[in-house]
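Quick one: structure below, then a few questions.
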């Protein structure tokens, strides 16, 4: 996980020779490709690729690599990024009162399932402070009211920037982020919504599901955009319910789903397996 | 399956002694209970029960049984039905152009998975006529235009009544039934909708799903009510998709789902395992 | 959960009138049945039932109830138990080095998902002691070698008896229990095996699965009997894998499965929903 | 599907530059890569790849392509194949008495889900002859007894060779093929076994599952090798069962599973997405 590996994520208008030229670029600089997946969308004519290669005997350093690749990327009219696994990205987790998603992430983090750092946890409540302390992670309390919301968000953004946070995970954080906040972290804010989106967007999805009498409930992890519960979907999963399940049972069963779906989404993001374009994601598994 | 078995489906306001008194009613008339399931909704305070018993040494005939049970049911303020498995209910299947759901039902029917009769198939197109013929089932063609719709529905209802049809299965029938039609068969019209309701109700659900970028698609079988795609849900299931799946792939994968979900819903209905109340169903498995 | 509710679990040779007579017994003593499920095995001619009823206005106390029911049970030649939810059963958890299953159980316990007490944790290693301490549960260390095994088991059994332990949960406990231990807790020892039994019984199931090239791995929770990995199965679940998954990936993915399958099995056991007969279980859901 | 597309399946010892050199080979001959997936097994140090490219403006014909690629493949010490989708492979289906798997395959074939031809169906019984006739496919009856088995297999092989059959699908064919038969079609005989292999190999898997009291049953599609039910696994799936399910219910529920698992395996094989090495498969999805 923490080896010197480079990961290229790239998408561009489709054309002949893209795989060949990209893999040749790596090969001729002595890189050993560990994993390559590509996808050509036949409708949108968009080409996407994820390549991971070993930097050990690569002839360029990290900085030179990006410079050397830029002309090729420009020629392809690509949007792209190259990341190196030897430096762990920094994740901030936002929570409110429910701790199950936070617990799941911290537990996996302690098992080194994620190649990330979690330098801070932010909450509008104090309920999860003990759990943060158990894991030795600084806990920041930003209580929020209608009146203080704007100010508090400003302070949160300042803290995130100061701490060089790359990615924000909303682990059942029960506040809607402002446009300003969202635009500060484009496709870098991961939310878990406790329904099978687009069904039951908005508040109280389990109550909505209970009242509709569905036979299956779901959870959805997605990137946060300006429109509530409408961003690119990363991962979804479901569980069967029946008439025997009360609303409380739905909430209890849903907890298990939320935990696992958010945990998978964070893993995919942390391994740079997600390419968001438009309102969709490509998941390179 | 075709034995002389009685099935009671009953729901009423919850009170003490319901199971005892109902099971005692059967026991003292020498019935052997084969299967009993009950459910007490703690929120709505509604009691529901399904009991199946052997009529072989029962001391009452079918007609007398219903008469004898009526006072008890009245005392409970119950809505109820008693059905006997020695007489097969009569199902009509409605189709349009796609044959996969029809094929699935006819194939299971030929294997005696359902204890029903299928005396007729109705379609607004001719595509499925050969399949109906292969199975020796009369095929009735009712082409429908905006102008003829009302007339044709009248003729369809007349045919269904004349043929003593109990249940109508819409096996991807692409016409919206009128209120009049629906009210002629309350909770006896089973539809398959090719989405995970309430997501993607209405037309072109696979296209909607494709455009939203969901990671899972579903199918929903429900009773038809006056509001489109809003009736009590009987059964749902899902299948994973990915960015690699085109709209055509969704349609193809969805076919498998539609078939299996509709087939299960028909089995549950044919075994009298469904009790619809309000906008929900209780499934006695 | 902690109300005064009685739960009868009973199985006996099938005969007419069992449901009626049992429910009547409860009704005439003013008990309100909250939940009743029964099953008549048509092959073995065995009748099984689970009934839960409210003891609030019941005319008998807990002790008198058992006495009053005994003659009926004897007449039915039944094996049976009546339990009362106002007293929490006492569970001991056994672990070795892996903490994920223990963590899952303790976390659910802290959310009151289980109506049980966990007065002690036993381990042959020290790895899980910090987790036990975090939850304020006494941790007992019984290191085991070939030579000390018999002695240590004796001491464990003595401790369990002294602490009035009802149920033992093996949360990835990597020692095989002796016959003597097993027979001290018949159908009260719950194990999690990290394969889809009966496939890959014994040691290193993930390695076995990896080498066989299966496309799905599983986990199985079962009661412990004298024959290794052969007791009555309580719950199983599976997860998809692919050629991309290394043995380490199988172990990681399997952890999620083990946690959830063991957690469900413990819930079923704690709610007295399991009736084991022969080598099978009936699960009253 | 039936376009002029080339598909390369290749595996060889892993080394630097494989993706680059293979994609460059295609690019410099004016091929447009439509799909490329690769896998480097870190344990076995084996590299595997599937590449599909458009032959429309390719500078070489089909024959020349293979010749031109041979030196590269030799250098890589690769086992490989190049197939062209403009020519449909020829599949023979073997059945015994149960028709559900055959029906599923023929139905999908009639919807053009598979890019294959099915010029003949072989059976040791007559039960499926009407179904074959309905689809206009020649049906060959080879009744088999202990005494005639060897002779009949010889005749079957002769017929398959004469008809240029590429792949044999055993759609619940209840005879064990001899070594000689198997070796005539290496990794080209697809079987469906009605259990979650390696659990319940051999005869009567549903009965074995019923008696073991499992909570989940499965089906497995695999390539046939000399050892019964032991060949490389292509696809598996499962379904939940409970104590309420009789052996007959297992058989009925299992039918749905067998159909879908075999259908998926045939699709993967027909799209050249499977690379078998040793006792495993790589599935390029």
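Read from first to last, the chains carry the letters A, B, C and D; within each, the first residue is number 1.
Please note the rule applied: contacts are C-beta pairs under 8 Å (C-beta built on N, C-alpha and C of every residue); 3 or more make two chains touch, one makes a residue touch a chain.
None of these values were measured; they are calculated from a predicted model.
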item	value
Contact-graph separation of chain A and chain C, given in steps at minimum	1
Far-end chain from chain A, centres as C-alpha averages	B
Between chain B and chain A, distance of the C-alpha-averaged centres to the nearest whole Å	42
Rounded Å distance, chain A centre to chain D centre (Cα mean)	37
Residues of chain B engaged with two or more neighbouring chains	244, 285
Footprint of chain D on chain B - complex, ascending	100, 103, 107, 111, 113, 134, 244, 252, 256, 260, 285
Touch list for chain B against partner chain A, complex	39, 41-43, 196-200, 211-216, 218, 232-238, 242-244, 246-247, 279-283, 285
Partner chain A, residues of chain D touching it in the complex	16-21, 23-24, 26-28, 30, 32-38, 40
